[in-house]
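Heads up, there are several structures right after this.
One chain, subunit A, links the two complexes that follow: it is found with subunit B in the first and with subunit C in the second.
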Partner chain A sequence: MFNPDERQRPRLAVVKFASCDGCQLSILNLEEDLLALGRTLDIAYFPEASSDMRPGPYDIALVEGSITTAEDAHRILALRQQTKVLITIGACATAGGIQALRNWADVESFKRAVYPSPEYIQSLSTSTPISEHVHVDFELWGCPIDKGQLLRVITDLVVGVQPRLPADSVCLECKRRGNVCVLVAKGLPCLGPVTRTGCGAICPGMGRDCYGCFGPSEGARKGPGLPPNTTSLAGHFHSDLQLIPIEVMRRFRGINGAVSPFRAESDIWEKKP
Partner chain B sequence: MIFPPCTRRGEFVLWRDYLLENERRFVADDIHKILPVAHLQRLLDALSAKGYRIVGPTVHDGSVVWETIRVVADLPIGWRDHQEPARYRLEQTRSSEIFGVVHGPQSLKPFAFAPRESLLQIERTKDGFATHQMAAQPEKVAVIGARACDLAGLAIQDRIFLKDAYRDPYYAVRREGLFVIAVNCTRALSTCFCASMETGPRAKAGFDLALTEVDDRLLIDVGSEAGRQVLEGISLFPASEELIGEGATSIDACARSQVRRLDRARLPQALYDVHEHPRWDDVAGRCLACTNCTMVCPTCFCHTIEETPDLSHQQTARARLWDSCFTQEHGYIHGKNIRPTIKDRYRMWLTHKLASWIDQFGMSGCVGCGRCITWCPVGIDLTEELSVLLASSNRSSVAGRPVEGR
Partner chain C sequence: MPEETAQTRTIAVDMVARVEGEGALRVTVKGETVQEVELRIFEPPRFFEAFLRGRHYEEVPDIVARICGICPVAYQMSAVHALEQIFGLRVEGAIRDLRRLLYCGEWIESHALHVYMLQAPDFLGYDSAISMAKDHAAVVTRGLRLKKAGNAIMTLLGGRSVHPVSVKVGGFSRVPLRGELEGLKEELLWARDAAVETVRWVADFEYPDFALNYNYVALRHPDEYPVNEGWVAASSGLQISASEFERHFIEHQVAYSNALHCTLQGSPYLVGPLARLNVNQEDLTPLAKQVLTDRRIELPLRNPFHGIIARSVEILYALEESLRLMERYEAPPLSAVPITVRSGTGMACTEAPRGILYHRYVVDGDGVIREAKIIPPTSQNQSRIEQDLRLFMPRLLRLSDKEAALACERVIRCYDPCISCATHFLNLEIRRESIA
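Moving on, here comes the complex of A and B:
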């Protein structure tokens, strides 16, 4: 991707859209690897970390957040034009985030309920992932992202190989770690079987059910394969774990609810009586 | 022959007196000794003295998992497990049974075939690179509470990882240090079908010691020289014919009480004949391809290799991880995925496990433990799938006809 012999270090930008900054914090939480990152890349634009904000072009842009305003919709176009490799980081940038719940609701009523002067708020009626606006070269899932996955992707880019992350289910990692299945042993509506690995199976490891913050497992939008079988799992939640349809809908309509097949599954259960 | 004076619970004082009188009297005789449950700690202490780390089933997150134990009280005393498709529940009873829990999700597999094994560390040097093999550290581990199905699974793993030229050094090191104390099953789960696979419920081979819990006594069978040595110095009693008979009756009753069975009669060919059966579409509608069945299977051995380079490009670590034939990537060959759909993957798994495994290794890949039934999040039961597939194997010409999902 980059010429390793080139004297110039690849220039990095970390750019925020509608988000909570948690994924950027994951970068700052790299600890000693942050120093290595600073040696490997020229961190040219990272307002959360430094007031030294240099203009593009950039070799790598890490994009956090979703598009929720007309201004941001223009800003992402400008960034794309200045960037060689654009990588989305986190559920907001990759899937629209929790704020994409507005896609099913009336944003105007939210404005009136929250703000004393709603006329000052300029906001789109939807929250959309970056990929609906510009070409995205690689997506990092998670809320927040896993810093190990981030390092791995940057390492691959700098070395010059195609980044590749596993898209298996969380279950695979749960079993490798010796976690007891919370779905089978506790009857919790765990999304692990249809959720992408990468988190280290943290929630089931702590005895709670996965809520799908890494998005659908293999076969997600840009993946090579077929979508995970959310139909079967949702049916099991309803018929065997006794969740009523609205509860099944809410399981799938969460942090990554705006991305299919989670979106499609939640829509199906919303319509059920 | 002197028989122990106590046959009922609550007479441990007599037992102790008896032992003191007859210290070492019955040590290392031929077969079938008795260790009072109250003296199980002596066995654990003997293992510790020989340098073993003792691992046993412990109650954890609503099931049992293997953990290092020190005292008998660490074992799930009084607990029982109830298993059915997609459901596992523990129940605490008033019983003082030590081995009332049949099994948790883990078989003996992780002890020899580690879920994550560091293989190599590769470093860049001035004139190329240097490779360091990360040899697994030899460790003596004594596992107490393995079941007959677990031993059968371990024997299959041994066949795969240790046979002939294909000896895996990482597996071999771990396997070498393993000491197995089996427990014969006297209670079957609804998911058990070891009797029909002829792997249990009695542990036949592959153990160092085997225990049968009969009330407050443990009948001990010695399965190896290492097992015999561990018993040296522990006061044991000869078992009466009556007690041996009682143990055997319980094990037989366990076999007879199994409600599931797997019809092996026409395997492997019968399964090859139903390659286009519509049932494969039906099960694909339920299967999540989540990999749980393969992870808990005592015999599944698939693994992947993971490289983790560091950011400075000076070194990389290579590790081996458990993998599964249910993942998207597992079916990739150069330029093509040969098992793109869940149907392809379930069919490949079941056909390999129950049929082509026989051609490949000369034995079935299924030991009848039932874990894949319990730990499948949607409760797919391979014995049921097989019976449906084989019931109409002579009608396999109906290929492609859609079948109503459940």
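Moving on, here comes the complex of A and C:
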């Protein structure tokens, strides 16, 4: 992807929009590998870590956060023009994040609920993923992202390999770890069967149900690139686990609630009596 | 970029780095007098308090964690304590210890990040810890390993360090076996020694001569250095329970910021490591006290730049406390106390790495959240940061615009503001108005 003969190290930018900083912290959590990263890449722009902030163009931009203000919608366009490879990091940038729960609500009433003078607050009525605004070259899912996956993707880019990450469900990883299935054995409404792998199946590993941090998986039953069978899982939650429709709705309307297969499923269950 | 007109002079630095979040500072100067100091927070509002309404109480720890990736445990802890108050639940014994241990992990991780990666470069003259590593490799490596020790505690108890997954109302979804905790011991013993070195290292930094009379506000507990529980105590003499918090601490909005400001009896106050250490100095461990005495550091600390010392002392405390808690741990028979849902209102304050974090919830008979109120530490410190900048500015007026701006950034970083909590880039603008 980058000319290996080029003596210049690839220039990296890390840019934040509406988010919690957790995915940027995952970069700082690379610990020793962070120093190696600093040697391999020229960290040209990463305000959270460095006051040395240099303008573009950038070879790689890691983008955290979703678009929630008119100003940010302009800012992402400017970044895209200066960037060769733009990668979203985390649920906010890739899917709109938890703050996309506003997309179902009246934002004016949200402002009134939080701020005494709502007229001072400039905010769009939706929280949208970066891909709804500009072309995204690669998406890293997760809330937060997995730092191993991040390192893998950056390494692939630096050595000139097209990055690929698995998109199958948490269930497969869960089996490899030898976890007891919390859906079958404990009757918990686990989203593992429809959620993308990458976290290491930590929720079932900690004795609880997956809540969909890594977004929808691909390929299970319907084939590669196709959405997971949320219909079947939602039906199981309702008829076998006795969740009432609003509870089924809440399961799918969470951290990655605004992304299509989860969004469609939650909308169906919202309308059920 | 300097821009001069006949009447005003504006100095602007686009961004203050090495803080968590997006904001800006504007200082207006007329002649020798500082007219206005406005810390503006641009971080887009995310409306957590609004969309928590209608969610089930069991979902709250997973949702509120997402307010801040640096201190998710703080949000989870204030939430579960407030909700447990509603359900009439008290969590004791090994589960209480594990919560304290998880929180110690977060203090270590968050403080080590700030001490080594965000603030120390200011004292040693670098842009970042990464550039600092070229000349101070051993120090930076020590800092990163310390931070990793905090993360290791969080990962063991919570599944991962950013947004841990095991915290629930009543306890945990899974508790570790004693043997699993023992696996951490060796690394934590190393980290404890590294923390002693850290206190010695930061104590020898050169600090500006600047002392202020703060009203310090921190939790106070009869038996221990406060983490999850205690009275809200102010150095002015106030002592109240979390239930009375909103009667004394008032949030108000200013036009230039997306974060609310909070004041106590109309005045700014200080929360965070400096306040906590000053209010609770007798609860420190003998080793922590000894290291302070050896370096001739006397409490209370009144210089905001000494926040880095307070943070380093708390890393040491948190490591010693972690080792103590691990030593006496026996896995409890149940990972969580059973709950009977009932309607009501509950409030709780816990000590986030950056200071008191207040939560209030109203829950209905089905366990659904009807109302939520969250007051993070940074919105409490915001007025105090502005006031301190106002007091610090006069000595900066002789400096060039660029130097003055850099000095202001350093003042702001002392408080470790978490703008993602309150709301990340800080733009700094100094506007100078000539008197003529």
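Brief remarks on what is shown
Methods note: the second predicted complex is superposed on the first by the 267 of 273 C-alpha atoms of A that agree within 3 Å, B and C clash if a C-alpha of one lies under 4 Å from a C-alpha of the other, contacts with A are read in each partner's own complex, and residues count from 1 in each chain.
The working rule: a contact is a pair of C-beta atoms (placed from the backbone, for glycine too) under 8 Å apart; a residue touches a chain by one contact, two chains touch by 3 or more.
Please read all numbers here as calculations on a predicted model, not as lab measurements.
On the superposed subunit A, the two partners subunit B and subunit C both fit, without a clash. Residue contacts after overlaying the shared chain place A:T40 against subunit B, while subunit C stays out of touching range.
Annotation: apex subunit A, arms to subunit B and subunit C, angle 110° (C-alpha centres, rounded to a multiple of 10). In the superposed model, A:P261 lies in contact with neither subunit B nor subunit C.
Of the two partner chains, subunit B is the only one that A:V184 touches; subunit C does not reach it. In the superposition on chain A, contact of A:P166 is made with subunit B only, not with subunit C. When the shared chain is aligned, subunit C comes close enough to touch A:S51, but subunit B does not.
In the superposed pair of complexes, A:R250 makes contact with subunit C only, with no contact to subunit B. Judged by the touch definition given at the top, the superposed model places A:G207 against both subunit B and subunit C. In the overlay built on the shared chain, the residue A:L226 is in contact with subunit B alone; subunit C does not reach it.
When the two structures are aligned on their common chain, the gap between the nearest CA atoms of subunit B and subunit C comes to 9 Å.
207 are the residues of subunit A that lie in the contact sets of both subunit B and subunit C, per the superposition on chain A.
Only residues 14-22, 43-47, 49-51, 53, 55-56, 59, 62-63, 66-70, 72, 113, 117, 121, 127-131, 133, 140-141, 144-145, 147-148, 151, 158-163, 165-166, 168, 172-174, 252-255, 258, 260, 335, 409, 418, 420, 424-425 of subunit C touch subunit A when the two sit together in their complex. Residues 16-26, 28-29, 31-32, 34-35, 38, 43, 46-53, 68-69, 72, 97-99, 101-102, 105, 107, 109-111, 113-117, 120-121, 123, 127, 143-144, 199, 202-203, 205-208, 211, 213, 247, 250, 254-255 of subunit A are the ones that touch subunit C when the two sit in their complex. Residues 60-63, 65-66, 86-90, 104-106, 110, 115-116, 285-292, 295-296, 308-313, 321-324, 327-329, 337, 340-342, 374-375, 377-379 of subunit B touch subunit A in their complex. Remark: subunit A residues 4, 33, 36-37, 39-40, 151-152, 154-155, 158-159, 166-169, 171-172, 175-187, 190, 192-194, 207, 218-219, 223-226, 228-229, 231-233, 235-236, 240 touch subunit B in the complex.
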